[in-house]
Amino acid sequence: MPLDKPYKNVPGTTIFDAEQSRMGYWLNQFCMSLMKAENRDRFKKDERAYLDEWPMTEDQKQAVLARDLNRCIQLGGNIYFLAKIGATDGKSFQQMAGSMTGMSEEEYRNMMIGGGRDPKWGRK
Amino acid sequence: MPLDKPYKNVPGTTIFDAEQSRMGYWLNQFCMSLMKAENRDRFKKDERAYLDEWPMTEDQKQAVLARDLNRCIQLGGNIYFLAKIGATDGKSFQQMAGSMTGMSEEEYRNMMIGGGRDPKWGRK
Amino acid sequence: MARITASVYTSHVPAIGAAMDLKKTEEPYWQRVFSGYEFSRRWLQENKPDVVFLVFNDHATAFSLEMIPTFAIGTAAHYKVADEGWGPRPVPDVEGAPDLAAHIAQSVIQQDFDLTIVNKMDVDHGLTVPLSLMCGEPKQWPFKVIPFAVNVVQYPVPSGMRCFKLGQAIRKAIESFDEDLNVQIWGTGGMSHQLQGPRAGLINREWDNRFLDRLIDEPEELAKVPHMEYVEEAGSEGIELVMWLIARGAMADVAGGAKPELKHRFYHVPASNTAVGHLILENT
Amino acid sequence: MARITASVYTSHVPAIGAAMDLKKTEEPYWQRVFSGYEFSRRWLQENKPDVVFLVFNDHATAFSLEMIPTFAIGTAAHYKVADEGWGPRPVPDVEGAPDLAAHIAQSVIQQDFDLTIVNKMDVDHGLTVPLSLMCGEPKQWPFKVIPFAVNVVQYPVPSGMRCFKLGQAIRKAIESFDEDLNVQIWGTGGMSHQLQGPRAGLINREWDNRFLDRLIDEPEELAKVPHMEYVEEAGSEGIELVMWLIARGAMADVAGGAKPELKHRFYHVPASNTAVGHLILENT
């Protein structure tokens, strides 16, 4: 793929392009299924059984079970899709975003109230 | 709608534009449902009952029951969608097209073998 | 003749909708956000459009990975409010403007924009939160809406310049519609935010405010900013801001008319993970 | 480097597929049609591509009226053969070329074509009939396919010139792909035919042949022909011919290279309701 992918070099960031999308296809389609109340119920009742209905990789399933969103993203998940898991769990988008930063919920919330993360974060 | 619709003046021809599409939305969506073998069976068993599951106008339903394709097109049907009715009936595309011309099946077939309809047909 | 009278720009943070739906708007945290829309609600009542052409992005709601349209125009008569995973927001369904939408689709496709026409779509917070912010909590929305969805989820997303030119094509289309309609165009999403990874929570106050300045004064120059700058400076989801350029491109000055009047400007950090930006520009 | 070695143009009449599937190819009526493809099958065996970029239109099969993309590129690894109402054709499923397709999508969107990306799609006769015509009845298709669907069902459809320019963008995209691949681009649909109304059965032998002449010799001029001429002269479904301009726009001469060599030309009336046209052009 000779087209430039300069966005590969942004710190702490994964850009959801066609490559990621292909890798994460079923993971993301699973997430979308949680937009139906009936599916949320079935997922909550037995997460593993529900996940096993989808042709996802074992790694992807483990990442979902662990609610490890960074890992989910690495495996092709996109945050707008993954948000359906958070919604199913009753988490806010702030709780979800914070969970990826290594900060506690309160630390993250306070960082946001204080003006958010410095845009120079992680740059050389 | 001030944009030109010069195609309104082509003899014996209805161009499927947004206006037709809106009018024929459910008629065409009904046709697409016939791409599933199960729905074809249900339709064949009781056409009226199957049609009544769709929010089509009575005129549209009557036109389908009568296999009056010209009328179907007038009511917003598009030939590629309507073709699914013909397929369900076991008709060829040639039989379907011919049925709209007022010619017998044989007359139409012979016209095609003879080189088709004269492109000057219907012009002033 | 239909005409575009004004453009409105606003973030569409889901937590803002939740704050309204859960009656938290009086809490100090949220009061600071909503204070920026008090003027706007009055202004909208005094300048009620017939139709709002609402540019937003779908957040993996109506569009799965099966089909990802770069630009999708809604030509339906009615749009249901989506269940994004916590049940549908308790807000009214959205009435479309099918005739005008079909006209715009026809005109804009003939101007070489390769739209996808959508006749069935549930609308998510990207569309309903701006309505809530601008209209409060009416029993029904006080105008018709043409939803216009832009892909900013899977790369490559359309460039700022493509969006800006699309706005110009939309303006031509609207102004060639025969009915006497007052149309507003809204650009939504942004401002700086990042929702993913260790860098989540990024906010760039300086860059955001410069974006607002330039959107008002030199939109064509702003349209040249490449994607990478959005990602690097405004966070991975800051890319949503390209949608504001569609609305801006539809204003009269871009086609040689008078400069729009700035009626309102607001900027605040934070709402949930996001900086909130908001502008109202009126054609004079 | 991937390169486009040749373009192929052919009608994609469903009855041709049915004739093969029902073993009628030896009947004199059909023999006349298939005789035009004898050379082509030999040629294809001697010039086997790795990937065919196959431009076709969906006939209300994968795309309902819910969503109508102007241009849709298939980036999936696999496509099933559609049931169009009489059961799926007994032909192999189609293997995609996801890496190249994703690369083309990225490049072409960045060249300001607003593609819809499709990851799941059943393919209808518009795609499988050209494969059958060119390959006969193999156990599996001898190359990978990137399906590219053009809206020619609901007006407005893209203009001939938009299609021609898209072809140029596709060429740039393919030639910037790092892998050493032999790619052909096929344009399908047409020629003159009308499937609807009292005017059904229209055939315009003279106009069709002039179209073939001009496609070979002056494609850019041909691309200026407005939609109305297609409808008036080539019948309402003759509009499918704009898709041939995508394939032609991707040939080397359009970008300043050498003129392609005409390897084969065939024209016959009728196949079912349709005139059958077919060309093979090789880049030299």
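Each chain carries a letter (A, B, C and D) given by its place in the written order, and its residues are counted from 1.
Criterion: a residue touches a chain if its C-beta (ideal position, glycine included) is under 8 Å from a C-beta of that chain, and two chains touch if they have at least 3 such contacts.
Since this is a predicted model, take the numbers as computed values, not measurements.
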item	value
Of A-C and B-C, pair with higher C-beta contact tally	A-C
Chain B and chain C, separation of their C-alpha mean positions in angstrom	39
Inter-chain centre distance, chain C versus chain D - centres from mean C-alpha coordinates, in Å	37
Centre-to-centre distance between chain C and chain A (centres being mean Cα positions), rounded to whole Å	24
Separation of mean Cα positions, chain B and chain A [Å, integer]	47
Interface hub residues of chain B, defined as touching at least two other chains	17-18, 21, 25
Where chain C touches two or more other chains at once, by residue number	65-66, 105-106, 110, 117, 119, 154-156
Chain-level touch network, classified as line, ring, star, complete or other	other
Pairs of chains, among all present, that meet the touch criterion	A-C, A-D, B-C, B-D, C-D
Touch list for chain D against partner chain B, complex	14-15, 18, 29, 59-61, 64-65, 82-87, 153-156, 192, 194-205, 207, 227-228, 231-233, 235-237, 269-270, 272-273, 275
List of chain D residues in touch with chain C within their complex	65-72, 105-106, 109-110, 112-120, 154-156, 158-159, 162
Complex interface listing, chain A residues touching chain D	1-3, 17-19, 21-22, 25
Contact footprint of chain B on chain C as seen in their complex	75, 98-99, 102-103, 105-107, 110, 117, 119, 176-178
Chain B - residues contacting chain D, complex	6-7, 10-18, 21, 25, 28-29, 31-32, 34-37, 40, 69-70, 73, 78-81, 83-88, 90, 92-94, 96-98, 100-102, 108, 111-113, 115-119, 121-122
